[in-house]
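Both complexes shown next keep chain A, but they swap its partner, so chain B is in the first and chain C is in the second.
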Partner chain A sequence: MSAIITLSLLAILVLYLGLFKARNALLPVSLLGLVTTLVMYAVQWGIDANPLYSGMVLFDHFAVAFSVLCVLLTALVLLLSKDYFDKASPHVAEYYALILFSLTGAVLVVSFHNLAMLFIGIEIMSVALYILAGIRKKDFASNEAALKYFLMGAFSTGFLLFGIALLYGASGSFDLAAIKQYVVSNPHAISPLFYAGILLLIVGLAFKVGAAPFHFWTPDVYDGAPILVTVFMATVVKTAAFAGFLRLFYFCFVPLQDFWMPVLLVMTIITLFIGNITAIVQQSVKRMLAYSSISHAGYLLFAIVAIGPASGESVLFYAGAYSLSTIIAFGALILVKRATGSEHFEAFNGLAKRNPYLSLAIVIAMLSLAGIPLTAGFIGKFMMFSGVLADYQILLVVLAVINAAMGIFYYFRVIVAMYFRPIDRDQVVVSSQYKAVFLLAALITLLLGVYPAWLTGLI
Partner chain B sequence: MESIVQNIQGVPLNHYILFCSIIFAIGVTGVLIRRNVIIIMMSVELMLNSVNLLLTAFSVHNGDPAGQVFVFFIMALAAAEVAVGLAIIVMVYRNTRSVDINALNRLRG
Partner chain C sequence: MDNLFILLLIPVLGALVLAFVQQAKAARQLALLVSLVSLGLTIPFLVQFVPDASMQFEQRFAWIPSLGIHFHIGIDGISLPLVLLTNGLIPLIILSAFNYDYKGGFYALVLFMQAGLLLVFTALDAFAFYVGWEVALIPIYFICALWGGENRIRVNIKFFIYTFFGSLLMLVAIIYLHMQVPTEDYELTSFYQLGLDASTQRWIFWAFFIAFAIKMPIFPFHTWQPDTYTEAPTAGTMLLAAIMLKMGVYGVIRWLIPIAPLGTAAYGQLALVLCVIGVVYASVIAFKQGDIKRLIAYSSIAHVGLIGAGIFAWNVQGLQGAIIQMINHGISVVGLFFVADILIRRLDTRDMAAMGGIAKPAPVLAILFLTIVMGAIGLPITNGFIGEFLLLMGIYQYGIWYAALGGLTIILGAVYLLRMYQKVMLGEVNTQTAVFTDIRGTEWVVLAVVVVLIIGIGVYPKPLLDLSEAAVTDLINKVGLIR
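Now for the complex of A and B:
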């Protein structure tokens, strides 16, 4: 709990730093606060977890592992934002504070033990993001992204709440343990309200994670928002939303798997195909990455379709691998866009000649996103597929392999542009913070691809 | 006065569930078919308020105060959300001079 308190106080402190024009202190203070949070989580790791505050939150291994992942990813995003947002807006402190508030919400979402906390966490996370998406006030795309995200977010919150209300009506409690008790103790007399509640919760949460058929806001919002906000949405927010999704279903709904699993199975298949097929035809790298994030949401849904004790660690691994590669890909896109003014595939032409190390980092990220062996993305896909195979979902795996092949096609377009389309171009300037982030993310991606045992078995 | 309270207590729970579902459905329909952003926000509020009513009904039916506490959470967070939402709408209006959702179609593909 001290970690969550630290994070929210840190965000307020950063706001005050902005008030006193201590612009250069923003990044160091934020990073210091994040490191403090990490230390607090590390201390909490070994302790036996009990629900705190009348069963509101529970810091078990699942919660701590996902919280640490979210905090680490946020630190990387903040490192990238040093010279990005100084140019975008004079009120740069708000940007840092909002990211930290959103992170606080994300951390609540992964450690809830009561549906009230799930709702509050999702709202804290989303409300900060609505502002972040529209942080460029004069930019029309940013405006449109903010409005669309806000309307869709509020709409999906309605579904989520109606689902929660129906669960409450049937089981008489918001507490996860009490709901589980209700499911286990009357296996044949579960109220129809409860089933309707599960369906509405699936709708609400699918909106949040961007799974088809509720994905339609994702490409527009990811495309319109400033790139770094998109990175935050595609990594931290998606990871937290999936962890919350899994946590709810793993705690409460496993005995009713026969009811909701077919629904999620169909959604998974639609998500995979829509994400991949639309990604193939994109001309803009940013939009391609937006659609690819939809397809990755499909792969992440595998863990919930084949729900079991191993689901937690496969989501952790997959989300971690995907997020690291996404940070590299979008970070490189920021640099290329700054140099050429374009987000299209052509903007990457001939990059390898002038920036061999930057290109190498992009190659590692693309290989990991496509799921090529020796990268973390491969191990993540392997864990997802083997979990589903253990559940005898042969058809799903066959369709997923077809989709993985489609994925290779559009990720390799970037690599082909960098290495096989030589044109004369100026060197892209890479600042030292960007170098550090790329190096760290690429190294972790490779290390986890070779020694996955470091991360498995944590939860 | 006494008889009114007794009459209200005599309303069965199913009526509340049906009533709230209808209000919720009206809200969903409003979000999906209306084009004016302000009206869409009103429809979202309708959805949230139907949930509030449902939670209160369940709470009284079960004799458990947690549902009514949850209603306060929803009210507080809905207010925060509306504040941000209205700010976004004002920002969009300043740039486009319109609150029509059809004006927002620059992002395509």
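Now for the complex of A and C:
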């Protein structure tokens, strides 16, 4: 709990730092605050957790592991932003503060033990994001993204809230334990309201994770928002939303699996195909990554379709691997766009000759996204496939295999551009923070790919 | 010095160092040194190997314990020849690249691929096998796409997606098999003992078969192969043809048939027919080729088709023939592609119509090339003879008609390979070929080694056959005959 308080206070502190024009202090203070938060979480690890504050939050291993992941990813995103937002906006402090507020929401989403808390967490996370998406006030695309995200987000929140209300109506409680008790004790007399509530929750949560057919906002918002905000949405927010999704379903709805599993199965298949097929035809790397994030939402849904004790670990691993690669990919895109003014695949042409190490990091990221062995992405996919096969969903896995092969096509386009289409170009300047982030992310991706044992068995 | 793990580690370490070497000369010397060290470290295994059916030099470490995955490697009579082949051919392939100014990155990829190949040939854990399988693929993709010909981008993405799709199917099958194992591991021996029902084995068969058939390649999964071989740099073609396709063959022997014998009983005949079709089909197409590299590529499909047919016949002769023929084909194809590379480099064309009469200005090359061609055709006292003889004997036991059709490979092979030799080496010289210089330096070394191996194995193949005999017999007895 102290971690959440620290995070909230940190965000307010950063906001006030902006008021006093202490621009250079923003990044160190934010990072210091995040490290403090990490230490607090680390202390909480291994303690036999009970629900706190009238059962509002529960810091079990699941919650702590995902919180730590979110905080780490945010730290990486912030490291990238020193160079980015100082140039993009005069109000840098707002940006830092909003990201930290959003992170506070995210850690609530992964540690809730009460549906009210889930709702509050999602709102804290989202409201900050609505502003972040439109933080470039003069930019048309950024405004469009913010408006779209806000309208669609508000709409889906309505569904979520309605679902929660129906669950309350049927079970008489917002508390997860009480809802679970209701499901377990009345296996044959569950109110139809309850079923309708589950469906509405699926709609609301699917929107937040960007799963088809509720994904329509994703490409435009990812494309229009400033790249770093997109990175934050695609990594921290997605991870948190999936963790919340899984937490709710694993805690409460496992006995009703026969009811909701087919729905999610169909959604998973649609998500995979829409994400991958549309990604193939993109000309802009940013949009390609947006659609690839949809397809990865599809793979992540595997863990919920084949829900079980191993699901948490699979999502943690997959989301971590995916997020690290995404940070590299978008970070490189920022640099390339700054150098060439373009987000197209052609902008990467001949990069390998001038920036061999940057290109190598991008290759590792792309291989990880594509799920090639010796990268973390492969282990993630492997865990997902294992989980689903244990559930005997062979058809789903075969479809997923077809999609994984499609993924090669667009991830390798970046590699092909960098290495096999040599043109004369200037060296892309990489600042030291960017170098640190790329090095760290690439190394972790490889380490987890070669020896994943030190991260398995956590949850 | 018989630590298998170190044998796998040396190429990786070499690759890591070489990745940072920018100077071409230093890079190739270091690469050759590393590959020779690998070859040298293989000798203790060969000397200490006891030619029985047991698994030897085993090593097993926990890799991902929570998922039941171990890094389990070992060598028996079936994998030892392939380990020898890999470590023996890599120095030759590196030597053959000495005529180009490749930097360290190129050799790093070659050595990294070597590590992947060795892992495939020694893995006793399905997960490790799969990792090796993919690790071998990434470097060859980069080798072919970075240093290849004009169409390299399109051709190689096709190659990659094709093989990646196949291997993913295999991954699905591996995970499925793992789910059935009571001890929750990925051990080869656990997979052997599963005894699944026939309907499950049937789709397991296809999941593995497609992956291996694409790699080998067996007709009709071969369409990526001629383009990729032609567009690749010669060293890449050699890696693909001489070693990488053996991954598929080895996979059939080690994984596919013993794990899914009932599946093989249902579809093995179909697979054998596909192999035989491949033999005839590729031979006919090879005959029509004017491009020397493409011709050798198709000849490779024909030869592999015969090896595949010998395996699916599933008897001691067929399997023994397959193993020795894998070695022979590797050696011959390195020789053939290297001669093609010499010709292409000097004449700047792949078109055989522009060659001719080269035997006159280059007599040494002519003699060595003739020996290699004879080996590829399978004439007695060359290595190809004993392999094809055993293979045909094995197929004959399965069915006389298959053997008759498969036997066409010898006749057709003689036709198109001799025709190639005649077009290139004999006949009238033209202005280009009149000034052809004979082989020298490293070219001489590579071709001499290849020729010595061809004759050596052809005259006295017994040591090589003895290596695998016990293991092969034991495997056939364990699985039983498949009809």
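Keep this in mind: the second predicted complex is superposed on the first by the 459 of 459 C-alpha atoms of A that agree within 3 Å, B and C clash if a C-alpha of one lies under 4 Å from a C-alpha of the other, contacts with A are read in each partner's own complex, and residues count from 1 in each chain.
Just so we're on the same page, a residue touches a chain if its C-beta (ideal position, glycine included) is under 8 Å from a C-beta of that chain, and two chains touch if they have at least 3 such contacts.
Every value quoted in this text rests on a predicted model; they were computed, and no experiment measured them.
Asks: For A:148 in the superposed arrangement: first (chain B), second (chain C), both or neither?
Replies: It touches chain B, and chain C stays clear.
Asks: First (chain B), second (chain C), both or neither: which does A:452 touch?
Replies: second
Asks: Quick check for you: in the superposed arrangement, does A:120 touch first (chain B), second (chain C), both or neither?
Replies: first
Asks: With the two complexes superposed on chain A, say which partner A:401 touches: chain B (first), chain C (second), both, or neither.
Replies: Only chain C; A:401 stays clear of chain B.
Asks: Looking at A:131, would you say it contacts chain B, chain C, both, or neither? Reply first, second, both or neither.
Replies: Touch partner of A:131: chain B, not chain C.
Asks: For A:19 in the superposed arrangement: first (chain B), second (chain C), both or neither?
Replies: neither
Asks: After lining up the shared chain so the two structures overlap, which partner does A:420 touch, if you call chain B first and chain C second: first, second, both or neither?
Replies: The answer is second: A:420 touches chain C but not chain B.
Asks: Under the stated touch criterion, name the partner, chain B or chain C, that contacts more residues in chain A.
Replies: B
Asks: Could you pull out which residues of chain A sit against chain B in one structure and against chain C in the other?
Replies: Common to the two interfaces on chain A: nothing.
Asks: Once bound in the complex, which stretches of chain B touch chain A?
Replies: 17, 20, 24, 27-28, 31, 37, 40-41, 44, 47-48, 50-51, 54-55, 58, 61-62, 64, 66-67, 69-70, 73-74, 77, 80-81, 84-85, 87-89, 91-92, 95-96, 101, 104, 106-107, 109
Asks: Using the touch definition from the top, list the residues of chain A that touch chain C in their complex.
Replies: 367, 372-374, 378-379, 382-383, 385-386, 389-390, 394, 397-398, 401-402, 404-405, 408-409, 412, 416, 419-421, 451-453, 456-457
Asks: Could you list, by residue number, the parts of chain A that touch chain B in their complex?
Replies: It comes out as residues 116, 119-120, 123, 127, 130-131, 134, 137-138, 140-141, 143-148, 150-151, 154-155, 157-158, 161-162, 164-166, 168-169, 172-174, 193, 219-220, 223-224, 282-284, 287.
Asks: Per the contact definition, I'd like the list of chain C residues that touch chain A in the complex.
Replies: Going through chain C, the ones touching chain A are 62-67, 130-131, 134-135, 138, 142, 145-146, 152-153, 157, 160-161, 164-165, 168-169, 171-172, 175-176, 178-179.
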